[in-house]
Structure formats: C-alpha cells, structure tokens
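Once you scroll down, you'll see the structures, which are given as structure tokens.
Heads up, the next two complexes both have subunit A, just with different partners, subunit B and then subunit C.
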Partner chain A sequence: MEDEGFKALIAALRGIMPELGGQTVSREDSLAALGVNSIDRAEILLVAMDALQIDAPISRFHGAANIGELADRLNAARAA
Partner chain B sequence: MLRARHEASVVGMGVASGFGYGKEALLAGLLSGRDVFAPLLRSGRENRPGRAPFIGVELPELPPVLPESLARNADIGASAAIAALAEAWTEARLDAVDPERIGLIVGGSNLGARAAFAAHNAYARGRPPLSAHYAYRLFDNDLCGLCASLFPIRGFGYSVGAASASGAVAVLEAVAAVASQRVDVCIALGAVQDLSAIELRAFDSLGVLAEAEHIPGDACRPFDRSRRGFVFGESCAALVLAREGAGYGRITGASHLSGARGPQPSLEGEKRVIAKALETAGLRAGDIDYVNSHGTGTPAGDDAEAEALRASGLDRAFVNSSKASIGHGLAAAGAVELSATLLQMRAQRLHPTRNLREPISPLRFVRDEPVDCVARHALSLSFGFGGAETAIAVSAP
Partner chain C sequence: MVGVEALNVYGGAAYIDVGRLCEQRGLERARIENLMMREKTMALPNEDPISFAVTAARPLIEAMEPAARARIEMVVACTESGVDFGKSISTYLQDLLGLPRNCRLFEIKQACYSATAGLQMAINFLLSGTSPGAKALVVATDISRFALADDRAIQEWAYSEPTSGAGAVAMVIGDAPGLLRIDPGAYGNHGYEVMDTCRPGPDMEAGDADLSLMAYLDCCEGAWRDYARRVEGADIRETFGRLCFHNPFGGMVKGAHRHLLRRFARAASSEIDADFSRRVLPSLGFGQRVGNIAGGSLYLALAGCIDAGAEGERVGLFSYGSGCCSEFFSGVVPQGAQALLAKQNIGAGLDRRRALSMDEYEALLRGGKALRFGVRDAVPDAEMSALASSAATPRLVLKEIVGYHRVYRWV
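Showing the complex of A and B:
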C-alpha cells in the first residue's frame, strides 16, 4: 500500500514550516526534533487529515514517537 | 494625594497609522492634512455584492518585524503592535530596566474580529481546516504574549476593554500601575481593532458609519454641519509611562467615569469627566490651551462633545480631531490621539481638522491650516460605547 499518510504529513510539514527548506525528513524523525511546537503539530495533522479526507479528533494522535507512527495512524484512520 | 495617583510621564512612544510607521510620520501626516482614505481591501472586509466597498484607512505594508515562526500566525494588529512597541522600547531604553518591573496593558477587546470571521467561515465550510492557532488568538491578551516573546516584559500583562476609550483606559491603568509602584514602567498599547465586514455592517446598521463617497477622503467630517458618521481607520500606539522623567510631557490629571449602556453620548458624563480631569490636575478650564477631541464625525456624538467643551469653559482652547485624518481606530484611538497630542505640543504646532467647512459650534477649531501654538496644558478626550468616558490632562515638560 502507498504510504499516503506519510506523503500528506510531509506536504503539510513543508507548507507550515518553510524554513525546513530542502532538509530530508524520514519516518524516523520526530516533529519535535524538527522544531515543530505543539500547536504547529496540530496544524500539520489538520492539514494532512484534510488532504486525506479524514475527520478524526487530534487526540487520536497523542503519544506517537515519530512521523512514521503518525503516518501509520493516518493510514489506519483512512482505511477505517 | 489625589493628584499623585494620576501622575506619570510619557518617556517613550511608538505609533502606526495610515501615514505609515513611526511618530514622525504621524505628526507630519496630521500637519499636512494629506488624504489617506480609500476603499478597504483586506480580505474579510468586502461589502455585500451590489454595495459600494467600505471605506477607511488601512495600515501600509510593514517592513518585516516578526521572526518567520511568529509571522505565520500574526495579523496586521500583531505586526503593528510589535513595530510600535519596538519604537517606544528603544526610545525609553527599557533594556536597562529590570524585566519584572515592566508591565504591559493592552487596550481593546474583540480585537481580532477579522480572524474570527475567517475562523467562522472555515468552520462552516469545513475547509480549509479551522486553524489550531485560533484557540489562543481569540483572546485579546495573545498580544501580551506576543510582545513578551520578543521583549523582556515580565511584570504583568493583561488587556482592558472600554470600546473606543480602550486606548485611553490602558494609559490610565498604566499611570496607576507606576504611580502605585506596582511596576517602575508600564507600557500602554492601543491595539489595532481589526474589524471584519460584519462589524462594519453593524456600525452601518446602527447609523454611525459614514457612507462611502465618491472621494473617500471627503466622508469623515467631524464637527461639520454635513457630517454623517465615523470612518474606520487602522492604527496602533505604544506609550511608555514612568514615575519620573521629562519625556514628551506629564499626565497630570485624568478621569475615567462610567455611565449607562448604549451608543448614545452622554453630555452630562462628558462634562463630569472633563471637570474631574481638570480638578485632579489642579487646572482651570482657562489653563487648557488645546483639546484633542474624541471628534468621530457622528451627528449625535459631535453635538454632545461640542456642547460639553463649551459648557466646560473650553472655548478659549484650540480644538481639532485627529480622526478626520487617520480615521477612527476604535480600541487604539485613545492611545494614538494622546500620542498625537504630545507630538503637537512638542512641535508647538496643531494640525488642521480635515473637511471642517461649516462648524457646528463657535469653538476655536483648527480648520484648514495648522496653527502655531505653545500649548502648556492640553486635554485628550475619548468616549466609548458601554458608558466609558475618559479625559486625560497633559502638561508640557
């Protein structure tokens, strides 16, 4: 299965944090380590969910260790 | 003792107005009588289809004052606040003051109406997603946090609301905060009232908004027989109050009284507040050389104010209205106009009142041209919906 969750997250991340420039981001990176604060993290998830046409509470994404885990939860919400 | 409670000096000042950024731009613009009114173009201020656009004054483009991470979630009110604060901060040398001895009072409530309008629209449509940032931006004290993110203000920060007298009330609260020694310096910030089309429409429905005219700059005519209402104008000012220092001048008397709810002006309230400001300053009406009026251009408001000035014995003083030049800043007006008052006192020159051709009263209005005037004592008046009446007496250093 295509990793649509990851693609949507990266697109949202780059839109909201243009200062990342060309920096490569992988599934193992955490948003916090990239300098994303808690509000921007919510914003990135909202934009990614909008792109994937998911309507889920942000609280469902608490506690994810890295971008990969967030992508997995997005993919799961999409499949549901 | 009564007097000491109301005394403080203005030792720093920063302004943003339709004339641009900085107090020099404001003074030069006011003295020039230049027309800066135009159709309002910011997103969220569009009038209904088939109606002429709302008119007013929007702040010109600002050089970037915010770091990118903050700029993304800041509107014109936030950028203007930081620009005005930076100007005032540098002038007052606040870097040399203990951060815990610096307070900040933001004048204004419901400041971000345009952001609220956008949020309501996003919520109703479902897309784009409602921004998480709206959860804190909806509070007026977000400006306090923004200011404290960029400047070491650690004493206290809060917002006060008194409609169109908010900026003046922020100044009076700041005076009280330094006079009582709660802090050593206090910043009063008259914030941009970022109206959306909804609020403009409501003012229009109430009958207090001047209709758009062929030449937008002709619509605002305070104290003129043909006046039709006020015209909105974005503005912002930061004033630094301290117990000592010559600065721009000294606030020697002030009064803030409350009256009945509603948009109707109160002649009695205005007379009382003028009398009390004079009394606390230890001045008589004849000592006042200049009055910066509230002067919005609404029919009932100007009538009441002109009568209050006359009945208070202020017919010898020069009177002008800054709103005729920069529009009505609502929350910001009191702070911006106190700044204009002090700048004119320093320049010893008073600005004309645009569009004043047939005055409603024999008061000594500054009309078509600036006048030279060594004003030793002046009054700045601000009145607001909700029964807020304020008068601030200032004396030259």
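Showing the complex of A and C:
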C-alpha cells in the first residue's frame, strides 16, 4: 500500500529544503532534527495537507515524534 | 463613523540587538533568519506596565482640546503583565493622565488578543449610541520579565527570549477617526481552549511553540472564514490594500499570510511573496525594533502600516491570543493619516533608546533587581534603572511602592 502521507511530506520537505540534496530521509527522521525551523515545519505540513486534500485544523497533527508518525496521521485523516 | 482618532507608541528607553543576543545563545542561523527581528526593548527596574502605558498615552491626551478630553468615558488597559489581581491599571491611568471621573475603568486579559478585545469594547460602546460623542482610551501595555523566578522558568522562557519585548500602544477611540475608520460589523472570531502558551505565575511564561504556531494558523483561517461569512463578497486578495497581523516575530506573520493566500486565493509561491512585500512587509518596521509586545503587537503593526503610507486603503487586521481567541476585522485609513501619525515621531522615539551591552542585558535579566510581583514596599534599583537613555524623555518612571501603592514621577 502506498504511503501517500509519507510521499507528500517528503515532496514538501524537498521543496522547502532543496539543500537536502540526495540525502535519504526515512520515517524515523524528525523534521526538527533535520534542521527545519518551526515555520517551515508547519509549511511542510500545510503543503502536504493541501496535496492530499485534507481539510482539517493543522493543530490536529501536533505532537508527532517523527515523519513516520506524521505520515500515519495524515493517512488516517485522508481515510476519514 | 468610529475608529482610531490618535495612536502613540512608547517603545522603552533601552534595547538589545537581537542578532547579538542570538549569537550569544548559540542559536542556529535558520532560526535567527526565521525571526525577522532586529532589536528588542528591555524594561528597566523603575519601569512597569503602568509607566509604559502613561508615557504612551500622555502626548495624545495633552493634544486634545479640554472639551474632547472631558468626553473620555472609558479607559481600558489591555495586558497580560498585570500588577494586581483586582485593581486595574486603568485606575492609575485615570489619575496620572488627569482624566474625568465619570469613566469606566477596567482591565482586559486574553493573552495577545486583549488589545483587540479592548478596542472592540470601545468601538461597540461608541456604536451603541448610548453616549453620543463619547471617547475611549485603549492602552495595550506589556513587558517581559521571565528569567527571574528560577532556572526552570528560564528554561521555559528560552524559546521566546529572542523576541519578547516591552512596549505600550495607546489609542484614542472616537467618532472622528483620523487614523483608522472601522468597518462596523465586519469581523470574524475563532476561539477555543488550547494550552499553547500561558503565564501561570507572575514572572513566568510557559508553552509549546509548535502548538502555538499551529493554533495561530488555525485561528487565522477560522477568523477569516467567519469574517467572510459576515461580509458578502470579502476576498483575501481583493478586499484589502494592506494586511496587519499580530506579530510575535516576522517569520510567523509570513507563514500565516502564506497560508491564507494559498488556502483561500490558491495563489502560487511567487505571487505570495510579491503580495507579502506589498501588503504586509510595511507593517513590520516598528515590531522588528521593539519585539513581541503581546496585545500591542498588532497595533504596532498598524502604526507601521500607516507610517509607510496606506491612505485610502482598506486594512485587514488579524489578532491572536494564546489559550486562545482570535479576530479578523477591518477598517479604512483616511487621507491625512500618515501626517497625523507622524506627529508622534514613533521612529525617532525608538532611535533615542540606549543600546545595552550583553553584560548589561544579562545583569538586568538575572540580577534580580526587578521588583517582584506583590512586593509591599520597595524602591527600584537606581543603578540598573540608570541604564536608560538620557534622551528618552519625557517618560514616567516608578519612584517607589508604599503599602502596595505605586508612586510615579516624570523624568
């Protein structure tokens, strides 16, 4: 099964931080640890939500420990 | 027709360079750039929310004709830096500014939303027509003094240290608005319970920065939707020539603006950047020099917007207070507003502040010379208070506290 949430987040991340280059980003990574500031972390989430057509308050996705957990929550929101 | 007749800002007598502070704290470049802050004002031991408020308001009161001054029937102090759980700051304003006694005096609290709550209270008092020709004085006043309590408090506060400032914005609200003519009934609200940031004790601030940013963004969207529900044909791109946002730091404003334009105007990135430069950036000038002054931040942005030139434009304003409550409202800047505001020389006032060295800043922050909340009798530390600029006059300062009563003098 395609992890659409993860794909959307990675696409948004690479768009906002092209300097990541070819670095592999996995589900266990956290945006903060990758050096993404607070505004850009929110931006990545909003861009991903937009791409996935999720119409929900962004605060619903607060508190995810890493990209994988965030992706899971996005996937759940899509399914709802 | 009601709105803001006059506005003044008091941005303190001393400041620290934010870039230098960030370096000192070892903050990453990415975070520093995100802040879009240059300087932040520091309150000195002989300064408090009352001294800031009165200093901001006095030129406005003195410029009024006696007959107009006599029509001030409401004084609203809007703050999250209160000095007493019962007695409002407004009582001191009434006395120190020589205002009439047939006056409603009270204080409003809801984090950074407080000033907008105060403004709407004043506006709707006037719109009600229960006292035709009445005026109101609304003053947003806040200082940050959070590193005093203990190491835990310092740690809690560390995130907002680079941006938390001090300042007061005073506004006279009346039926001859020369600065901002409010659009009556054009507003939207969005508020709910969320524990994003709070001030659980005097001299303490705590919270979750990520949650606060998210709540700000959600409220921005929610308040706009409510405004658009009330105002037929409202369009985030077309209706407003300028936009002003509550400004904890410039990066947050940029993010909120981007969110609104992408969600409601389906605008592309390049369009969003150009729009931000044209409609929002002019409002950030004063805020970048004073720091986050809580409720007053939005009105500091309004001042920046008018100062940069906005005559004839409809301004959309977004206010957000943690905890939370928010409002999107609007008004039109009349012809002559820029020259009228320029009489207050807000920028020159900021230029007169003294630049603190890092040692002086640290001494102020941790030296324990600030008067603690609830002190019964005290005299402010003279040495630390002398760190002020000698050119920042006239300003009100705290002379002493006697039996909990605060006594001031002008310097």
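The rule is short, and it goes like this: the second predicted complex is superposed on the first by the 80 of 80 C-alpha atoms of A that agree within 3 Å, B and C clash if a C-alpha of one lies under 4 Å from a C-alpha of the other, contacts with A are read in each partner's own complex, and residues count from 1 in each chain.
The rule is short, and it goes like this: a contact is a pair of C-beta atoms (placed from the backbone, for glycine too) under 8 Å apart; a residue touches a chain by one contact, two chains touch by 3 or more.
Keep in mind it's a predicted model, so treat the numbers as computed, not measured.
Chemist: Using the superposition on subunit A, decide if subunit B and subunit C clash or fit.
Modeler: On the superposed model, which is not a single observed complex, subunit B and subunit C clash.
Chemist: Name the chain, either subunit B or subunit C, that contacts more residues of subunit A.
Modeler: C
Chemist: Taking the superposition on A as described, I'd like to know which of subunit B and subunit C A:E43 touches: first, second, both or neither.
Modeler: Both partners, subunit B and subunit C.
Chemist: Report for A:L20: first if it touches subunit B alone, second if subunit C alone, otherwise both or neither.
Modeler: After superposing on A, A:L20 lies clear of both subunit B and subunit C.
Chemist: Tell me the contact category for A:A77 with respect to subunit B and subunit C: first, second, both or neither.
Modeler: neither
Chemist: Touching A:A11, do we find subunit B (first), subunit C (second), both, or neither?
Modeler: In the superposition, A:A11 touches no partner, neither subunit B nor subunit C.
Chemist: If the two structures are placed on top of each other, which part of subunit C overlaps subunit B: 203-211, 311-319 or 329-337?
Modeler: 329-337
Chemist: Is there a shared patch on subunit A that both subunit B and subunit C touch, and which residues make it up?
Modeler: 39, 42-43, 46, 50, 58
Chemist: Would you tell me which residues of subunit C are touching subunit A in their complex?
Modeler: Per the stated touch rule, the residues are 28, 30-31, 34, 194, 208-211, 213-215, 217-218, 221-222, 251-252, 254-255, 258-259, 262-263.
Chemist: For subunit B, which residues are in contact with subunit A within the complex?
Modeler: 68-69, 72, 127-133, 135-136
Chemist: Flag every residue of subunit A that touches subunit B in the complex, lowest number first.
Modeler: That would be residues 16, 18-19, 39, 42-43, 46-47, 49-50, 58 of subunit A.
Chemist: Considering the complex alone, what residue numbers of subunit A touch subunit C?
Modeler: Interface residues on subunit A, with respect to subunit C: 35-43, 46, 50, 57-59, 61-63.
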